[in-house]
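Across the two complexes that follow, chain A remains constant while its partner is chain B and subsequently chain C.
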Partner chain A sequence: MTRINRLRTEAAFILHLIRLNLASNMEYRASFLSQAIGMFINNGIYFVFWLLFFDRFEEIRGYQIQQIFLLFAIVALGWGLAFVFAGNASRLAAMIAEGRLDYYLTLPRPVLPHLIFSRMDPFTLGDLSFGVIAYLFTGRFDPLSIGLFLACSALAAVIFASFYATSGCLSFFIGNATQWSFHIANSLVTFSLYPFGLFQGAIRLFLYTLVPAAFVGAVPVEIVETRSLALLGGLAGAALISVIVLALVFQLGLRRYESGSALNVNI
Partner chain B sequence: MSTLTLAAADRGTWRAQLRKYAAIARINLQNSLAYAWDALGQGVFIVLFIFVFAQLWQATFRAQDATVIGGLTLVQTLWYFVWAELIELSRINVSGTIQQEVQDGSLAYTLGRPYNYLLYHFFSGLGGVISRMIIVLGFGALIAWIEVGPLTTFRLETLPAVLLITALAFTLDYCITAGIGLLAFVFEDTSAFRLIYQKIKFVLGGLLLPVDFLPDAIQGVTRLLPFNLVLYAPAKLFVAWDSAQFWQFLGLQVFWITVLAGLLALAFRYGAQRLSINGG
Partner chain C sequence: MSVVSLHDLRKTFTLKRKAPGLRGSLRALVRPHYQTVEAVKGISLELDEGELLAFIGPNGAGKSTTIKMLTGILFPTQGQAQVLGYVPWKQRRVLSYHIGSVFGQKPQLWYHLPPIDTFELFAHIYELDQAAFRRRQAFLVEALGIADFLQTPVRKLSLGQRMRCEIAASMLHGPRILFLDEPTIGLDVVAKQQLREAIKTLHDEEQLTIFLTSHDVGDVESLCKRVVVINHGQVIFDDRTSALKRRFLHRKIIGVRFGQPITDDFDLPHATLLKRGQWGAKIELDTTVRPVDNLIAALMAYAPVVDLTVEDPPMEEIIREIYKADETVTLRADGQANDAPAATPDQAREQA
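Up next is the complex of A and B:
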């Protein structure tokens, strides 16, 4: 099988997984919808903080409420896309610690994509819809801006999923890293939702490298505002690097993986 | 007279009840110490939050060219967030456990045991609160000190009163979160309610913005609701003691705890009746 055919087969398999995840979630429609609506309200209330903040202080380090709308739109849509499709990326630490990789290891499919695309997080539909609605408040309705917004959100989604899964791989190395992986991964969202101008000096380097919050928040906002295709190329490069880092760390970690004796049932 | 006969003699008295729940809290404290590694994670979390807030509020005070905003200086504002985060990160997080016990039916097994289900979870959670508070306060105070220096307005003699308001804040928060957990009797999944409550505390509770910073119209409503009594009240007294405000907070906390604890007991009774219908 040629490389192109192989990629096509794997892409078709992932699409099939996504369809199955959606069908499985729709079996529990009430719960699925209540979680999605709950997350939408949750984001909305969080956004109220910034509305109140800018109502009182108007501008902070070059950011006004319009930039915050755009920032929230990109981060929420990026986050939503990431975990609608790759729902297991945020649960990797627990799955490794509980020995639940055995199921995936026995099947003739690449382990990492099979594993992370095997679940849909119903909460994230709320993020997804919140991102789209927040964008409507930015007033940027020309095709180029919309195209850049969607492209940036998709690339942010790749970085979100890769970073969450990479931090989950900590369980390969230090045992049950569920809590630590949660805190590390959460730091990405926390930093990304604040005006980037607040962070100066060494912390900026940190936010471009170890915790790449700049690439899921500030950089996409700058791309949509300045319409810089060169910067978009840079963001695509950062997304690619995040996937490569995940693949390498996962391969390295998988060699240390020890199966447990617990019986796990995958439904 | 042996210890055993002594215990048997006062069985059922309030003293025996107190001993029982104190033992539950002690066991959970020992348990939480066994997972100190996880509690350290909470410490890292508060460092992250206080660091971000320090950048935000330093920039805001500078941009406004102000030394006092909403009655608080920059130092007071940052230490306010330390105390508010301390409560948020150390609180008794019981709603998920109750939801799980309702969903898998294990709550039915607890009904026959010689304790009150809601009191059991309260005291059991209280054990973990103490260890988390120590770690979170240690990390939070360290980062706040580095960013803005010590809280010079703090008066040691007010500490017992601040701790009383903080303890009542934990109790009030428990009443709300346990109520959310019991919603599992009606809704399949309560995580959406949990998230919404958390975010309400972010804004109306004063976790992201002290209530004094809110517009006047919103402040008026916020001060009547229970959410600001969970975070804002203890954090405000910690950084800017005011005797009149202390009595006001205390009165409102006692009122809301009485109302919500009553509702909680009713909700549990309703749920337990439904459980006996479904049980078998």
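Up next is the complex of A and C:
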């Protein structure tokens, strides 16, 4: 089988997984919808803080309310896309620590994509819809801006999922890293939601490398604002690197996997 | 022809140990204490094509660890293994097209969806041609008797129904070897029997090689011609099931409850009365001295029988018997086997 055909087969398989996830979540319609709506409201409350802030101040380190709308739109849509489709990326630490990879290891599909796309978090549909609605407030309705917004959000999604999963791989090396992974991964979204002008020097370097919050917040905002295709290429490169790092760390860690006797349920 | 081959396979885990309570936790935080545990201590065996092997032992004996190494889930610490000519932990993906596995405590069916949806997913996973998949699915549905609940969400199935669907899912791609890890765990008597019949049907119709782990000797008696018993990570018995039966499974525990109170003249020759109540009794029987049907006939002749059970001795007792009979393995005072190598399969056969 050629490489293109192989990729096509894997993509078809992941699409089937996503359809199955949707069907599984639809089994509980009320829970599904209420979780999505709940997360939408949660995001809205956080956003109100910025509305109150900009009611009193015109800008903060180069960011005005329009940039904040755009920042929230990209981060929320990126986050939503990441965990609507790759819901297990944020659970990897616990799954490794509890020895729940056996099922994926006995089947002839690449373990990592099979694993992370095998679950959908319905509440992230709230983030996803919040991102789309926040974008409507930016007033950028020309096709190029919309295209760049969608492309940046998709690349941010890749970085979110990869970073969460990579931090989850810590469990291979230090045992139960569930809390560690949770805090490291949350720092990504926390730093990404602030205007980047607030960070200087070493912290800036930190946010471009170890916790790449710049690539899911500030850089995409700049891409949509400046319409820079070169910068978009740079963002795609960062997304690719995040995937490669994840694949390498996971491969390295898998040798240390110790299975376990915990009950395992595919939902 | 040998399809599974293990040579001196070993697996060691490092476990963190701590004293009980908060003080123990604090001490472990400052100065952690690790202990190396040898889960599998040099297992060697061969399995021929079409064979149905029971790999039995008590909890913690190393059965699941062995099966996980053979399916590529775990890397061994030392030793070699080949399954269908592949090294499982190195060629896991290509091997998985030729083997199926069912882990009793790790379901592969999607919990909120009907089994048929997982079957469709597995058709994608194994890249099956749709027409071939439909034919295969129809055969398995018939063979395993799962047609009635194929479209019922898995969460609403009984454990026995679920387990039969699990086996169907793992057989969709037509594997040459099926690894079953504790498939009867938690099942009631009827469900166990149905599952055993289903396994036997698949084995007979497809000449399937089956590697079955269990801690239920009933699985062995009704299914397998060959049995390997492991304890503390070592093979302590490898022979035909008939030999195990003859040497170690000749004791039965019979529980009986009568429709009228037991009188003082209740006496059963060639059987040991373990417990006696007003309405019932528990009896130990050596079947080489007196057959089970003979004793049951005597019980029914004595008084109307309301309830009757025939049980095998627990696995731990059988293992004790094996140790007692095998002079090559001695016991330490704490009941664990010493580090002397276990009898090889050939030695075990000769001893039998």
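The working rule: the second predicted complex is superposed on the first by the 264 of 267 C-alpha atoms of A that agree within 3 Å, B and C clash if a C-alpha of one lies under 4 Å from a C-alpha of the other, contacts with A are read in each partner's own complex, and residues count from 1 in each chain.
Methods note: contacts are C-beta pairs under 8 Å (C-beta built on N, C-alpha and C of every residue); 3 or more make two chains touch, one makes a residue touch a chain.
Computed from a predicted model, the values in this text were never measured in an experiment.
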{"item": "Three-chain arrangement built on chain A, chain B and chain C clash or fit", "value": "fit"}
{"item": "Partner chain(s) touched by A:Ile60 [first = chain B, second = chain C, both, neither]", "value": "first"}
{"item": "Degrees between the directions from chain A toward chain B and toward chain C, using C-alpha centres, nearest 10", "value": "90"}
{"item": "Contacts of A:Asn42 with chain B and chain C, given as first, second, both or neither", "value": "first"}
{"item": "Which superposed partner A:Arg6 touches (first chain B, second chain C, both, neither)", "value": "neither"}
{"item": "Contacts of A:Arg204 with chain B and chain C, given as first, second, both or neither", "value": "neither"}
{"item": "Nearest-approach distance, in Å, of chain C Cα atoms to those of chain B in the combined model", "value": "5"}
{"item": "Where chain A meets both chain C and chain B, residue numbers", "value": "28"}
{"item": "Residues on chain C engaged by chain A in the complex (per definition of touch)", "value": "13, 16, 64-65, 68, 71-75, 92-94, 96-97, 101, 103, 105-113, 117-118, 120-121, 124-127, 153"}
{"item": "Of all residues in chain A, those that touch chain C in their complex", "value": "9, 12-13, 16-17, 20, 23-24, 27-28, 100-103, 105-109, 175, 255, 257-259, 261, 263-267"}
{"item": "Complex interface listing, chain B residues touching chain A", "value": "37-38, 41, 44-45, 48-49, 52, 55-56, 59-60, 63-64, 187-189, 191-193, 195-196, 198-200, 202-203, 208-209, 213-215, 218"}
{"item": "Parts of chain A lying in touch with chain B, wherever the complex brings them together", "value": "28, 30-31, 34-35, 37-39, 41-42, 45-46, 48-49, 52-53, 55-57, 59-61, 123, 179-180, 182-183, 186-187, 190-191, 194, 197-199"}
